Each structure stands twice: as structure tokens, then as C-alpha cells.
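Given below, in the form of C-alpha cells, are the structures.
Two complexes follow with chain A in common, the first pairing it with chain B and the second with chain C.
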Partner chain A sequence: MSKTITSGHHEAPTSYGIYVLIWLALMSLTAITAVVAGIDLAAFTLVIALLIAVVKSSLVVNVFMRVKYDDKIFKIFIAIAGGTLTVIFLLTFADVYFRR
Partner chain B sequence: MSDITIPEARQAAEHAPAHKKDTQGVKMGMWLFLMTELLLFSGMFLLYSVYRYYYTKEFHQAGMETHTMFGTVNTMVLLTSSLTMALSIAAIERGKKWLSVTFLSSTIVLGLGFLVIKYAEWSTEIADGIYPGSPKLLQHPRGFELFFAMYYLMTGLHGLHVLVGCGILITMLIFIIRGKITQDDPVRLEAAGLYWHLIDIVWIFLFPLFYLVN
Partner chain C sequence: MAELAIPPQEESVVEGSYLENLNGRKGITAWIFSTDHKRIGILYLIALFSFFSVGVILGILLRLEMLSPGGKLFSPQAYNALFTLHGVVMIFLFVIPGIPVTLGNFFLPIQIGAKDVAFPRLNLLSWYLYVIGSIVILTALFWRGLPDTGWTFYVPYSLRTTTGVTIAVFGVFIVGFSSILTGLNFLTTIHRLRAPGMTWFKMPLFVWALYATAWVQIIATPVLAITLLLIVISRVFGLGIFSAAAGGDPVLYQHLFWIYSHPAVYIMILPPMGIVSEIIATFTHRTIFGYKAIAMSSLAIAFIGYLVWGHHMFVAGMSQQADFIFSFLTFLVAIPSGIKVFNWVASMYKGSIDPQPPFLYVMAFMVLFCIGGLSGLVLGSLATDVHLTATYFVVAHFHYIIFGGGVFIFFGALHYWLPKMFGRMYNKKIASWALVDMFMGFNLLYFPMFVMGYEGMPRRYFTYLPQFETMQRISVVGSWILVAGLIVMFVNLIHGSMKGPRVGNNPWGGTTLEWSTPSPPPHENFETEPVVTQEPYYHEEALTK
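Let's look at the complex of A and B:
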């Protein structure tokens, strides 16, 4: 079919439906974070809120920013940047925690 | 594969390789820029974390003072603007110029709406006497004051990015209307979209750190 040839031109357009679905997921996760914050889970409150933020941002990166459908090189970019940041955070936290 | 007609194949061969290379290059450049943005914000997140560790109690008290409602509404506004941004790109890729214009305009309106809400929020707080160096804040412990210093710094820098993002999107809107961004050449809109989504991601992390302290 002629569709196969145009895909070499630019990636096959993502369907509107997927975006709407992801948006609904993001809105629900926001509602969940807001509700969870109201419940006292002591130290876990922050951890859960941050975990939800990680899930939300990975949805945005993969679908809205299309990394999931894009070339592998972009995944490598993000992995290297993410890895570097993790090291910076961990080393700083280790320093702060073990100081004194 | 066998269904491809010769004129179609020739047309694809003429356009595809050069165009694809260019597209990937533009996106790669944009991603590299986004990494520098990420580093800029990460430095502040790092500072926030360390202060929060040192002044756990004060950050907790100060966090109760922010308006969760403003934060939640603004999160939803920004997430929706990310949706319309993605839809705008999807529309231009299908050759639907005016649908794309409509979605992109919605994104800009939502972005400006975010800033209006932010303005209302800051005004409320400033009216309450909460701003960096205010006499009211100086009466509080140091950690309390630091929380609001970080709050104004980080949400302020983020707001500035939203403002710049709106400017970029307005430029893209003009490009689409003038036919400079088309179905065959949507990469500038895609790059602008990447920037817009990054702003959204930064907010996704700001939201729990400043508004969801219970």
C-alpha cells in the first residue's frame, strides 16, 4: 500500500485517541496525588507523590514527546542524561547524609 | 511492499533520505538543549532536597501555607495544554492545517491561563505578606523562609519558561498560517512541542514538592 512509502517521509502519525487516553491517565494520576496527600502516610507520602510524578513524566516523554516511537538514539540521550543526574543526586545526598 | 507503484517509489526516494536526516538533526538539537534545561532545573531540585533534609520541620510548616487548589488546577491546565500541543502536531501531520491552528491556539490560551492563575496565586501570597525578605517571613525560622525563597525562585523560573514557550508557540502559529509549517515539513512544530512538554514535566515535579505537603 502507498502508506508504507510515506512512513519513510515522517513517522506514522499517532492517533488522536492515544493522546486523549494518556491525558485521561495524567489527569487521574494528578487527582490521585492530590487525594493521597490528604491521607497521612508519614514518610511514604513524599515517596508516593514522587513515584506518581515519575510515572506521569514517563507518560509525557514516551507518548507526547514520542520517544517511544522515535529512533533509539533519543532513548540513549535520555538514558545518559538521566543516569548522570542520578549520580549527581546520589553523590550529593551521600555527602549531605554522612557529613557531620 | 509489492504494492508500491513506481512513481510513488521514485517520489519517496527523491524526498525521503534528505528530509529524514534533517528532521532527526533538528530534533536531536532540541533534545540537547532540553538536557541543558533539565540540568538548570535539577540544580534547584537538588538544593530544594538538601534544604528539605536540613529543615524538615520548617519545610513541612511552610508547605502547609501554599494553596493546593491553585497548584492542582494549574497542573490540570498545563497537562491539558500538553494534550492540545500533541494533537496540534497530529493534525498537521494529517494535513489538517486549521485543526492544527485550533489546537495550537488552545495550547497558547491554556499557557496564558496558567500564568493568570499563577499571578492570582502570587498576589494572594504577597497580600498575605509572604514574599522573599518580607517582615512576616523574617519572623519565622530560617527553614520556613528558605522554603518560600525556593518556591518563588523555582515557580518563577518555570513561569518564565511558560511565557517564553507561549512566545515560541505564537511564532509557530504564524508559521502554520503562512504555510511555512506543513504536513511535509512539521519539524519546527515538533521541536516547539518538545520544549512545551518539558515545561510540563518540570511542573509535574514542582507540584508535589510545593503543594502537596500535608
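Let's look at the complex of A and C:
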């Protein structure tokens, strides 16, 4: 059995080892998120949780979804979706911030 | 392209058309296992209009309750359940899937010269998810009772009520996946399966509208899915995310709900806007004015539509700064909407207007959509919104936009494309009179609500003060006139699709690709792959004037 996966036509093969490492990183980051949620860091709790979420989603999108190796158009698609999500977050947080 | 010979009247199914069964399948199995986008579109049409009929009956009952004050027909609890079911059925099972899954499914691939959508099996799966989700929603009828929260499922009440919120919300969650998969399918189809020569700016404006809609379906719907799932988890496991007592935030629910549900308004209205462009170009016999501006305004509406959800929450306890930002952004949406309307009017100027039924529907749309749109600006203004929030004014506004705008064009589109879908024509005179009836009924039904709302009549109340009696009665009578028109229209369309006289391939003189293929279209849409060399609305006669 091959030790690599090549599903596309122009991407570099990714070894199973890399997938396992990414999986371990995701699990660790999830654990860190859970731990941080229990510590009172005031406004930084949210910032840290979001930063971890960004790192996790980047790993999934680039490695598991293989967008890293894909055409530019798909990267633009992801960027548009990510940009919209960011604006939505900012508007929601603006309300919460000013409500205090 | 030269018209093909019109088949004899007695033939029920045109040989080689998509209506002819393939692979030895017969009856219903030839339809529910078919991956042909046209058949899936018809399946959706049947399902959607079945639910629309349910929604209309519920609406009529809700109006009937208002014939006199005092709640003589239903108890307050029953009235709450009825308006919730009316909203859920109409919004989630009819208007949101609406035009994209039915006419979009049928005509998107044909209009770009493709044989099918990019993922035909996924398309069929979307239909099954829609049906399963709908059944789950209706299960709430028989299990724990109908939800009584309104279609918005607002917390904290949706967490406390003992009615079947959990099951209904889960059904909406499933239907949402159908929407996401349809959006994904359309986006891929438009990017990957356009015919040779079909560049982006040669695409019909209906395709542009579906493209913008697909983006909204993909990006916004998951937000609703996770929000509804949080309701389920909160009800079942006591999660406190929306509970102030547990450190959560009830206003957060409204944020999350409207982050989806306001863009969903554009899922409802963008496809009809695309169809308006198609119909105007065909029945004015000239190219559309400001093609690129209309195409780009669809994308602009889709994008700005993401940023205005807060205007549903001006009195929900949001910060004043957020109120101001969302009010400002709301006014921005009027700009691309105005671009469309002005370009449509300019397209008609000096055109050879042929007032066939589909065009008359567009005229009705123009009036109703403008009333709905302008009343939206009243609600988008902070000061006036405080006075009008949760009154009949809001009910009138969104019915003018969604029903008067979106659904009237859905009907107009059925009149426009029915000859292509079935190769037969309905009775045009009856179609026109049905529209006149519906237009009158619609305005009698909903316009008094603007007045009552302004005078303080709250929405969702099962009774009212005697001062509103006259207006309420006018509105009730309007609902009867509207339904009479609906019945006439549907009977005419159904009869026309089955027994109407045969028509040729291009009865209206349309210029987009669907009019170059036989009526009804063959299984893979075109006998030979089309090569596009001209603009979508190229009318030779207009150019020679």
C-alpha cells in the first residue's frame, strides 16, 4: 500500500505522517481552547479562542481540503468566504463591545 | 435558429423530450430516481407548490380570525401555532428554496448551454433532503404540538415552550443542507460547464442572479444550521449560550439568526430580479439597458445583504452604536436595488413592448416591489423603526417584498417558461385576468396593514381593538379575492401544461439559449452543443430601428 495520497493532478503528495501530525495538532489545539475557556483572561479569552480557531481551520483547509495545492480561483473563493465571516464577526463584536 | 415542426396535438409526450421515460422506468420511479435537472426541477415545483397551498390555507385562516375582534375562531394558543406554521412553511419550505431549486434547476444548465448541473446525483440528494426535512417539520404537528414561537424561534421563549420546537428546528436544519448543496451545485455548474463562447458577460442575467444567490446559500446557511443546532442542544442538554441566567446572551441568538435570515431575503428576491431582466428583454424586443450594471448589482446586493442584519434588532437591546452602523448599511442596499429598477425602466424606453401575461406580471412586480422597498427604508430608519417595530407595518412590508416581489415573479416566470417546459400554451386571457384579480386582492389584503401598523396594531395578536375593525375586514376580503385569483391561475397553468395547444420552440421571440432548443427540451438539453457568439439579449430588429 502506498504511503502517500495524491488525489489531484497538480499537487505534491502528502504523506500519512503529515496527516497524523496535523490531526494531533488539531486535537491539542482543541484541548488548549477548552483549558483557556476555563481561565478568566477577560477580553483575551475570546481573542485566544478565535486565534486558535483560525489556525485550526487553516490547517484543515490547506491540508485536509488540499486548497494549498489547488487553483487560484478556489483560494479566492475561500478568501471571500473568510472575509465575509470576519466582517460578520466584527459587526457582532462591535455590538457586544459598545453594549458594556 | 429555425423552429422545429410543432408535434401533433394528440401526442401526450414528445418523443425524445425529457418527459419521455428512460431506462425502462415507469411512473413515479422514473421521476424520483431521475438525475435529470429538468425532472428534479419539476419534482421541486410539485413539492413547493403543495407546501405553498398549505401556507395559503393557513394564511386565509389567520385572516379569517380577524373578521371580528375577540378571537372567535381560534384560541390564542392555536393562533400562535398557526402563524408559526404559516411562517415556517412559507419561508423555509417555499420562498427560500423557491425559484433556484425549481426554475433555476430547470433553466440554469440550459441557459449556459450545459447538459446538466455539475453534480446530478447531489442535485437529487438535495431534493430528498428537502422532502425529509419537510416531513420532519410537519412531524411537530403530531408530536408535542406545533411550535408557538413564530418562524424566528426567538429565545428565551423557544427554550421554555413545551411545544415541538426541537423537532421543527431540526427539520429546518435538514432543509438547510438541501439549500447549501444546491448552491454548491449551481456555483460549480456556472464556473465549469458553460458552453463554448459563453463568457461571463454573455451569461443571461437570470444566471447572474442565481450565481449571486448561490454564494449567499453557501456562506449564510451554515450560520442558521449551527444556530438552530444550538437551540436543540440548549433545549435537550440545557446549554446556556443564549440564557442570561447562565452567563449567555439572548441577543446573540438574534444576531446569529438574522446573520442568515437577512441574506435569506436576498436568496428570495435575487432570482426573481434575474427573471425580471429576462422577461423585460424578451417582451420589449430589445437588449437590456445596463447589462453589466444589473449583473454587478446582483453581486453587490448579495454582499451588502450580509452586513445589514442588525436592522431587525433595533429594539432588541443592541448598542446604539450598532444600531447606527446597521441603519447606515441598510440604506446602502437601496443603491444596487435602485440600479436594477432604473435599468429595467430604461430597457423598456422605446422598446416594442408586447404586453403578454409574463410582462404584465413584471409590471405588477414593479409596483409592489417599489412599495415594499420604499417602506423598507422607513423601517431601516432608526427613529421610525422604534414606532413601527413588531406592528402590521412590518407584516405589510415583507409581504410586499416577498409575495408581491418574489412570488408574483415566480408566477410570471411560470407563465414565461411553461411553454418551454411542456411545449404547450395556457389561456393567455385567463392568465391576464387572474393577475388583475390577484393584484387587486393583494393590495386590499396588505395595504390596510400599513395603515393599521402605523396606527399601532401589533403583529401576531389574535384579537384587536374595535378601531381597527373596518381595515381588518377590508384586508380579510382582500385575502378572498387574492385566493380566487390564485386558484384561477393555477387551474389555467396546470390545464395549459397538460391539455393546452402545442407551441413552437420560441413562442415569445426570446434570445437566450433555452429558446433555441426544442419544447419540451430533449434529455440532454441540446441536440448539438451550442456555441455562443452573441450577447444574451441580441435583438436584430431592435438594432435595425
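Please note the rule applied: the second predicted complex is superposed on the first by the 70 of 100 C-alpha atoms of A that agree within 3 Å, B and C clash if a C-alpha of one lies under 4 Å from a C-alpha of the other, contacts with A are read in each partner's own complex, and residues count from 1 in each chain.
Quick note on the criterion: contacts are C-beta pairs under 8 Å (C-beta built on N, C-alpha and C of every residue); 3 or more make two chains touch, one makes a residue touch a chain.
These numbers were taken from a predicted model, which means no experiment stands behind them.
When the shared chain is aligned, no partner comes close enough to touch A:Ile76: not chain B, not chain C. In the overlay built on the shared chain, the residue A:Ala49 is in contact with chain B alone; chain C does not reach it.
Shared-chain residue A:Ala34: touches chain B; no touch with chain C.
After overlaying the two complexes on the shared chain, residue contacts for A:Phe64 are found with chain B alone; chain C is out of touch. By the touch criterion stated above, A:Ala94 is placed in contact with chain C alone, chain B being left untouched.
Of the two partner chains placed by the overlay, neither chain B nor chain C lies in contact with A:Leu21.
Chain A has more of its residues touched by B than by the other of chain B and chain C.
Overlap of the chain B and chain C contact sets on chain A: residues 73, 81, 85, 88, 92, 96-97. Within the complex, the chain A residues that touch chain C are 73, 80-81, 84-85, 87-88, 91-92, 94-99. Residue ranges of chain C in contact with chain A, taken from their complex: 191, 215, 218-219, 223, 249, 251-252, 255, 259, 303, 306-307, 310, 317-322, 325-326. Listed in rising order, the residues of chain A touching chain B in the complex are 1-2, 4-6, 8-10, 13-16, 19-20, 22-23, 26-27, 30, 33-34, 37-40, 45-46, 49-50, 52-53, 56-57, 60-61, 63-65, 70-71, 73-74, 77-78, 81, 85, 88-89, 92-93, 96-97.
Remark: chain B residues 1, 3-5, 8-9, 12, 15-16, 19-20, 23-24, 27-28, 31-32, 35, 38-39, 42, 46, 49-50, 53-54, 68, 72, 75-76, 79-80, 82-83, 85-87, 90, 93-94, 184, 186, 193-194, 197, 200-201, 204-205, 207-208, 212-214 touch chain A in the complex.
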